[in-house]
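Here come two complexes built around chain A, the first alongside chain B, the second alongside chain C.
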Partner chain A sequence: MTATTTSRPDARPSTRDLLTRPDTRRRVVDRLMAVVVTSAFLIALVPLVSVIWTVLGNGIERLSPYFLVVSMRGVFGGMDAGGIYHAIVGTLMVTGFATLISVPVGLLTAIYLVEYGRGRLARAVTFFVDVMTGIPSIVAGLFAYALFAIFFGPGVRFGVVGAVALSVLMTPVVVRSSEEMLRLVPNELREAAYALGVPKWLTIVKVVLRTAVGGIVTGVMLAIARVIGETAPLLITLGVIDSINYNLFEGRMMTLPVYVFRQYSQGLVPCAPEAADCIATINYDRAWAAALVLIAIVMLLNLGARLVARYFTPARGH
Partner chain B sequence: MAQRIDVKDLDVYYGTFHAVADVSMMIEARSVTALIGPSGCGKSTFLRTLNRMHEVIPGARVDGTVTVDGVDLYDPAVDPVAVRRQIGMVFQRPNPFPTMSIAENVLAGVRLNNRRISKSDAADLVETSLRGANLWKEVKDRLDRPGSSLSGGQQQRLCIARAIAVKPQILLMDEPASALDPISTLAIEDLIAELKNDYTIVIVTHNMQQAARVSDRTAFFNVAGTGEPGRLIEMDDTRTMFSTPSVQATEDYISGRFG
Partner chain C sequence: MSTSDTPPVRQEDDDLQAARRPHRDTAGRVFAGLSTGAGTLILVVLAAVAAFLLLRAWPALTAGSEELAAISWIPDHGSIVRYVGPLVFGTLVAAVLALLMAVPVAVGIALFISHYAPRRLAASLGYVVDLLAAIPSVIYGLWGGLWLSRRLEGVWGWLADNLGFIPLFEGPAATPPRVMMTVGVVLAVMILPIITAVAREVFLQTPRLHEEAALALGATRWEMVRMAVLPFGRSGLISASMLGLGRALGETMAVLMILSPGLTYSFALLLAGRHQTIAANIALQFPEASPLGVSALIATGLALFVITLAVNMAARWVVARRKDFSGAN
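Let's look at the complex of A and B:
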């Protein structure tokens, strides 16, 4: 073989030729793809930047410490007053309670699926979790309302009903993300623990969960971000109210998304020409400012999740 | 402390697949027994039945008896978790817990079992275990660094320290040096030679020179073909196995004619 090549050097192209021959087609395709990918990224960025820009532009004016610490009690017409304190309280309490329901249920389901589940039951659970992911939020609201109406009669509206509605939406997200994270834990770590004579449940608690906790926390935070902006189910289950309610178990509660909806749907205020204290667009202004606060809360949650995830990530050597 | 293992008529199945057939052998206390044979011959599977680790795989089951100190490990009254505390295991790839420091890794057998241990006892246990694994000098100044910061060979010795910290009677090693470079391998082999004074050691290896260097007795496993169960072909003193084996297949394998 070598002998033939040396005796007939012209039979195949020289190495220099092979290495320097321009492959125009590949270069063009490469360039083209780079342009396509970059412009797709920029197009995806447009709505995001636009949303933040619009909300900031419209909401920042009304936003003030006063706006954050007062409710809408006794505010009417075009009065230059009123705030979102009651809605912030409602959003945090209802979402917090929904998290309290969803995380144990979702995490234990994920542990069952990854560590114990075999055969038909596990497949059924996975299937129904997938189905639950697709439930429209208004249906979750109707479900929670109908469930509590059985015990408390029609027209029931209080915080826990809304929390149950949100947890119906949240649980499948928690199950899915925790399941992914638990599956990422290398089997070798489980075997290492078993080989030390550690029982299965302690292995799950102290090795598997400990290794996956960063990812699980991130997943939970994303699930919270997913439901914190829900409006429709809360409109059904919590109703609308202008004053502060700290009690999840009694009375209507306001939340930020419902507040935004409520303010916006009230529209322009017909101001009398001589009224100095009347702002015609006050309802719109409040809606935008509340929307800005909602975005800020979601961003803070994401930031917090990142910090927690970083804290729990196994330290890398060197 | 060290015990001998008496295996009688052992068959291992994964579901309907018959993985290992009809193994009987005597594993001597305070000695190193090497299991050699081609890939897929069932030597790792057999090793994992010695501390009931194979049960972790769904569908795995065993017929026959494995007797340690007069107790059949497969007696219904025996707790597999307790078996694994008496019979430790070191795996092919070093697997220190990534969330734990070097010291915590050594103490994992204690801490993960929710057992309380005083600070001074813990420090003693860390030192004696790391000394036992010939790792103390290299890591004594950085015990709180993550276990994953060590080199592969050091990680494997850390895993051995972790295994001997629970004070087992028997140590099983599944190709403990196959992922390591020659110098780390030498360190592990020296360590095995020391450990056999206190423990009964069973080691699976693909490296026949390693089997010849470290073991007192060698068992050769072979498999007739895919889908067939692996079988114990013969077992003898290592010196005899490597010089005058009584079965032709053993000689063929050892001399490199197949496998």
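Let's look at the complex of A and C:
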């Protein structure tokens, strides 16, 4: 400031002056916003790192082979016992059954949208698939409950009900990802097949699906990763149980997320001071350990999906 | 009768035709029918969700106040509407609070990934943010309930002491902080990835020419963002926020595991026992509910379904409308 005023005290700044003089305010604002934007990203890292760190730190202690292979049957109070085997069985079976429902329906819908869909119906399906991804998970649970309560009476709780609830949440995800993958398949491949006299349905099965299979598998894995952590719908459709149940069609089932919630909500155990084998925080410890297993499963599914996507990408024409 | 009249020559002709393209029509038609059926099934399921919820909610919607009063957790001489009211209020407060915290951060992250980060890193940075969405909600609940709330206790206490004259921060802050404010923070973290993902897509679509024109006129990077990127992405940002709102409205576990529930219309975010959301209330009461109680809960679920459906449809409508003219730029 002093330099300008002393050299030309009363003249307006020349054009050259304006062009060469660094505009401090604008530069400062620019720098400031760069810092703000970067720190927004760093802020997002805080919860991610903190969640993973706390789950790892609190869960690793209780996690042992024993914890993975026993159920909670006959475990009470602050006993230093109990595990998640029943919850793992339940999670695998219920999620597996949900996948069995969602993948055919989702894949066929995607095929319809890409290969057959024209006009108003296709537009409606596209729109409502998007809307369906936003259904609250608890509403999906209520729907499955309401559906099965008609046939089995009130208080119905067994594996398939939960699987239906999960598939309501899973199907739109499968549709979205498969549709995207099918659209990536170059049209030349389809036209080449038609030119050889292959009927349309066979072209879809043998050419289109085979080209897109990597992407579809990725999408399905991500969809599984998304519903495997669902808690609320399973809480109301499967209930809670402490023993192992291998039957999807009868009786309550435990799943990992519900197990975490159940242990958390049981809270601290009142321990007598002289009790040697009583751990006050046992429920929280089990919750953290189960959360660690759950997070590991989800992260492995995500990682696996990325690997499949990387190594089986569809041929992108030329 | 007519079949016996047809001359044998035509029969042979048909056979010949059929032999030339075996199974083609049947298999093709079955496949087309199957896939169309799957598409229609989606629409049917969505309609069925609404229909079954309405069907099961009907007993509670038509029940008298004495019948409803028999349910222990419904306040006395109340109708179902008076029961749903505070729940809807609590749900909206939680979702809006989460949105207010999440949107500025999400815009920052999206801008960082689309315009500030080194191009080579951008994709993997986006993946890191997506990981936030992969973490199950029950784990957020556990984290929020056992870890985060203890750390926020001091912050909320400070807020109540220094800004307590604002009704929102009315003190004394509850300890442990099982309050709406804590829930808002956790929900904000949970909806961050979806808002970021949509915003990022929109920002990346900004026409390159607009950006280069701004830079050529001497704009700094921030001025370029403010003049070219943000105006272009405004409608996309609105729909991204609405998608985030839809998520926050329906979130159950984090609220259930953190919030100390209560049924009032209160704006005091730092006091415990004032709010409850629809989803958390259902999960809380459902296991022990009587048939009429279940019906009442399903009625509240129906309200939640309608609200989220409206929000999501509005968001998707904005996105779809935008798509029509974004390509032309």
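Operating definition for what follows: the second predicted complex is superposed on the first by the 259 of 318 C-alpha atoms of A that agree within 3 Å, B and C clash if a C-alpha of one lies under 4 Å from a C-alpha of the other, contacts with A are read in each partner's own complex, and residues count from 1 in each chain.
Assume a contact is a pair of C-beta atoms (placed from the backbone, for glycine too) under 8 Å apart; a residue touches a chain by one contact, two chains touch by 3 or more.
The structure displayed is predicted, hence computed values, not measured ones.
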Clash or fit (per the criteria above) of chain B with chain C on chain A: fit
Contacts of A:Ile43 with chain B and chain C, given as first, second, both or neither: second
First, second, both or neither for A:Arg310, with chain B first and chain C second: neither
Touched partner set for A:Arg120, first chain B, second chain C, both or neither: neither
Partner chain in contact with A:Pro199 - chain B first, chain C second, else both or neither: both
Touched partner set for A:Asp30, first chain B, second chain C, both or neither: second
Which of chain B and chain C A:Val207 touches, first, second, both or neither: first
First, second, both or neither for A:Glu188, with chain B first and chain C second: first
Shortest span in Å between Cα atoms of chain B and of chain C, once chain A is used as the common reference: 7
Those residues of chain A which chain B touches in one complex and chain C touches in the other: 199, 202
Residues of chain C defined as touching chain A within the complex: 21, 24, 27-28, 30-32, 34-43, 45-46, 48-49, 52-53, 55-56, 104-109, 111-113, 116-117, 125, 127-129, 131-132, 134-143, 145-148, 189, 192, 196, 220-223, 225, 243, 246-247, 249-253, 256-257, 279, 282-283, 286-287, 291, 294, 297-298, 301, 304-305, 308-309, 311-313, 315-316, 320
Contact footprint of chain C on chain A as seen in their complex: 26-27, 29-30, 33-34, 36-41, 43-45, 47-48, 50-51, 54-55, 104-109, 111-113, 115-117, 121-122, 124-125, 127-140, 142-143, 146-147, 149-150, 154, 168, 171-172, 175, 199-202, 204-205, 225-226, 228-232, 235-236, 239-240, 257-258, 260-261, 264-265, 284, 287-288, 291, 294-295, 298-299, 302, 306
List of chain A residues in touch with chain B within their complex: 118, 186, 188-199, 202-203, 206-207, 210-211, 314-318
Chain B residues touching chain A - in the complex, by the definition given at the top: 51, 53, 56, 58, 81-86, 88-89, 91, 93, 95-99, 108-109, 111-114, 145-146, 148-150, 159, 162-163, 166
